[in-house]
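The chains carry the letters A, B, C, D, E, F, G, H, I, J, K and L, assigned in the order they are written, with residues numbered from 1 in each.
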Amino acid sequence: MPDHTYKIIDLVGSSSESIEDAINGALGRASETISHLDWFQVKEIRGTVSDGHVGWYQVTLGVGFQVLKPGDVHREA
Amino acid sequence: MPDHTYKIIDLVGSSSESIEDAINGALGRASETISHLDWFQVKEIRGTVSDGHVGWYQVTLGVGFQVLKPGDVHREA
Amino acid sequence: MPDHTYKIIDLVGSSSESIEDAINGALGRASETISHLDWFQVKEIRGTVSDGHVGWYQVTLGVGFQVLKPGDVHREA
Amino acid sequence: MPDHTYKIIDLVGSSSESIEDAINGALGRASETISHLDWFQVKEIRGTVSDGHVGWYQVTLGVGFQVLKPGDVHREA
Amino acid sequence: MPDHTYKIIDLVGSSSESIEDAINGALGRASETISHLDWFQVKEIRGTVSDGHVGWYQVTLGVGFQVLKPGDVHREA
Amino acid sequence: MPDHTYKIIDLVGSSSESIEDAINGALGRASETISHLDWFQVKEIRGTVSDGHVGWYQVTLGVGFQVLKPGDVHREA
Amino acid sequence: MPDHTYKIIDLVGSSSESIEDAINGALGRASETISHLDWFQVKEIRGTVSDGHVGWYQVTLGVGFQVLKPGDVHREA
Amino acid sequence: MPDHTYKIIDLVGSSSESIEDAINGALGRASETISHLDWFQVKEIRGTVSDGHVGWYQVTLGVGFQVLKPGDVHREA
Amino acid sequence: MPDHTYKIIDLVGSSSESIEDAINGALGRASETISHLDWFQVKEIRGTVSDGHVGWYQVTLGVGFQVLKPGDVHREA
Amino acid sequence: MPDHTYKIIDLVGSSSESIEDAINGALGRASETISHLDWFQVKEIRGTVSDGHVGWYQVTLGVGFQVLKPGDVHREA
Amino acid sequence: MPDHTYKIIDLVGSSSESIEDAINGALGRASETISHLDWFQVKEIRGTVSDGHVGWYQVTLGVGFQVLKPGDVHREA
Amino acid sequence: MPDHTYKIIDLVGSSSESIEDAINGALGRASETISHLDWFQVKEIRGTVSDGHVGWYQVTLGVGFQVLKPGDVHREA
């Protein structure tokens, strides 16, 4: 059984609704060009303020996926 | 175009419902005396436990806003 | 008034719905054998990806509770 | 029951005697204008050296207190 | 000579007097059920404020001890 | 000789020219209302990008000054 | 499908041979009483020095396993 | 209004002159293939020494830009 | 002599044998499409557990290489 | 007025009595060969356990002093 | 080809002009007694405030150089 | 029984073979002039890449030893 290599890219998802929506937004965007995303890790939660409440949640994620073939190392999101 | 200075204050919002509510609670409280809040960053998420589930979410935020005039450096929240 | 000692154990709660659900799941599981949980702190938020959105949120918590009697130092969750 | 908001300010207490004295010095100073301080966290312990022993202990604290009314967000120490 | 395994548990000691008392309180409590504690590391120093000075020092420790037999891995404090 | 208490506030200075200018801008703004600033520490260096080079340097500083009288604990910048 | 809860315990493995041996030693010891260990994370690598080379490698691990039933929260290693 | 996704890539700029030059060098290089860079954050400042002074400043940056279309997730610098 | 720009990508190598094998596996995979890799930094060592010993070592690396021409900023691994 | 250079060395002081004693012990030892120590910073507090209470406090310090002449760069403690 | 050993010493350079000057000042001082300095890493940027702008930049560096012969391990700066 | 003082120096060992070899190389070099090294801690693991695999492992260590007499504070490695 061969050893695997994974790649981690950093994305920032945004949402005016919730932290979970911001995460899912970034994952959805990344999955349009990378079909086999494996896991994510939240690196930072920040956002903008508008009229005294959250305008946009901005969640920075590291997103990991397996490098299946050499060309996959060019996959970015 | 003049250079700007911003100030960051640390607040802890609390909510029995969700992390997002705790963030919005702190931002709402701060906006009562500072009208031009710009951004926030989550520094810590903790809370109390009651009857086997979350009692209160306690979310520590750094909240940033522009120092528009000298007196604004006394603005705290 | 005697000085108190507290114990902190690390748990990972999981949920397909939300970060809050993952936290409450871990706290609920721990409360089945420890009735007097006091507080928690979020140490890490990560998860799995499935079909371009979050499969499972996995939230690592430190959970604290008071050591009421010697045997309590064996309480783990 | 309303959700609470807390404010954290950073102070540095100093003492030629002990770390505990430095902490109490900063808390005492802050309590002259803020009566309802709640908790503190030690962020850094450093100091000066004089004649081969400690001259002054300098202990950086985050000090938290509840924002009871809008004006309290201007309370600084 | 066999290789050893050690276990680290996290405890929070408290004292109204000093940081050292808080550390010793947690170690004393743990030693009631674990006789062979080896070392500790201070992870956090915080506390409560009462009447403008420290109410309780709360010191979080990692405490290490050797796993002498399988059953020792259940030793918690 | 009495023990001193210091206060640290967080400011973000900005400049289109250099990191040093951003630091001096924040210190200059703060000194308009606090005459006795003592020291600063750089906490973060970031900025905006415009046309392929730096638009604004944004430097987050902790700025320390001595609390000379109770009212000084309200000094913010 | 129910949500899972995991527990993380901290162990220090030691070996005079290699970092990998130290990790395997701690995992082997833990598996004597916990059959379903899932993953580990290296938190610290240190050791002793003897005659100008490594005496013992001491590797601190967080080791995770699923809490299958209430009693499992008492599993420690 | 749709939610946005951003991508962060890590670059190291170098300059024999100044930290600012090293930052601008990396941003200039990246802007040759990505026209809409938004922000950067300094992650590390290091360098080489030559004849008793700095040879090259080497500044590690995280550089962020908006993912405008699926193909943009392949943009790297 | 022109200033250089480098790019850092994050990879996770895996091996059932050793930490060194996991590192070499990721570097070997990356070198299939990028011939001029320069350096690496270990960011995390973790792994899976199988039958009481390490199943897979998973080592997260930052891998750096020089951006020789604009197209190289699209090189990912 | 010339620019100054300082040197920082890392020492571990130990005491069976208190954290302050451990700090003073290390500073006293260092001052036997370096007369102009300026400041210290606490980097770690740990210790040994003996009979259920602290055996030795071990406090790691960074200690700074000015490099007055070239030979001073060889001063270590 | 033999394996090399390097030594890292911590220095603080100061300058009233710029961060770069502070770095070069420390490197210049160190090079008076160590001719083969290799690299540096910035660990902290802080300074004093005078009349509302920077008095002295104080930049803490780790400076590395190769240990060419046993006596070199006594080289400090 | 007198209190002890220890000194920690930072070394970087290198090896083309393994992380353990790099550690032992630095310890062996240091032991040529300091006979009583006590312990080490790994602070960083990095290296160079050559032909798609590791060229040199470079492991940064803090190495501790007891200061037995004043002159020992000049011992560096």
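By our rule, a residue touches a chain if its C-beta (ideal position, glycine included) is under 8 Å from a C-beta of that chain, and two chains touch if they have at least 3 such contacts.
Remember, predicted model here, so these are calculated numbers, not experimental data.
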Please give the intersection of the contact partners of chain B with those of chain G.
-> C
Every chain in contact with both chain A and chain F is listed here as B, H
What angle of turn lays chain A on top of chain L when you fit their CA atoms, given in steps of 5 degrees?
-> 120
Which chain's C-alpha centroid is most distant from that of chain E?
-> H
Would the interface of chain I with chain L count as same or different, where same needs over half of all numbers used to appear in both copies?
-> different
Pair from I-L, F-H or D-F with over half of its contact pairs in common with C-G = D-F
Relative to chain C, largest Cα-centroid distance belongs to chain K
Please work out the Cα centroid separation of chain G and chain I, and write it as a whole number of Å.
-> 25
Distance from the CA centroid of chain G to that of chain J, rounded to the nearest Å?
-> 33
Centre-of-Cα separation between chain H and chain G, whole angstrom = 39
What positions in chain A touch 2 or more of the other chains?
-> 9-10, 18-19, 30, 32, 74-76
Touching pairs of chains, which are they?
-> A-B, A-C, A-H, A-I, B-C, B-D, B-F, C-E, C-G, D-E, D-F, D-J, E-G, E-J, F-H, F-K, G-I, G-L, H-I, H-K, I-L, J-K, J-L, K-L
Quick one: in the complex, what on chain E touches chain J?
-> 18-20, 23-24, 27-28, 30-32, 37-42, 63
Touching residues (chain side chain E, partner chain C) in the complex | 9-16, 21-22, 25-26, 29-30, 32-34, 56, 58, 60, 74-77
Counting only contacts in the complex, chain J reaches chain K at residues 3-10, 62, 64, 67, 70-76
Could you please specify the touching residues of chain D with respect to chain J in the complex?
-> 18-19, 44-49, 51-54, 57
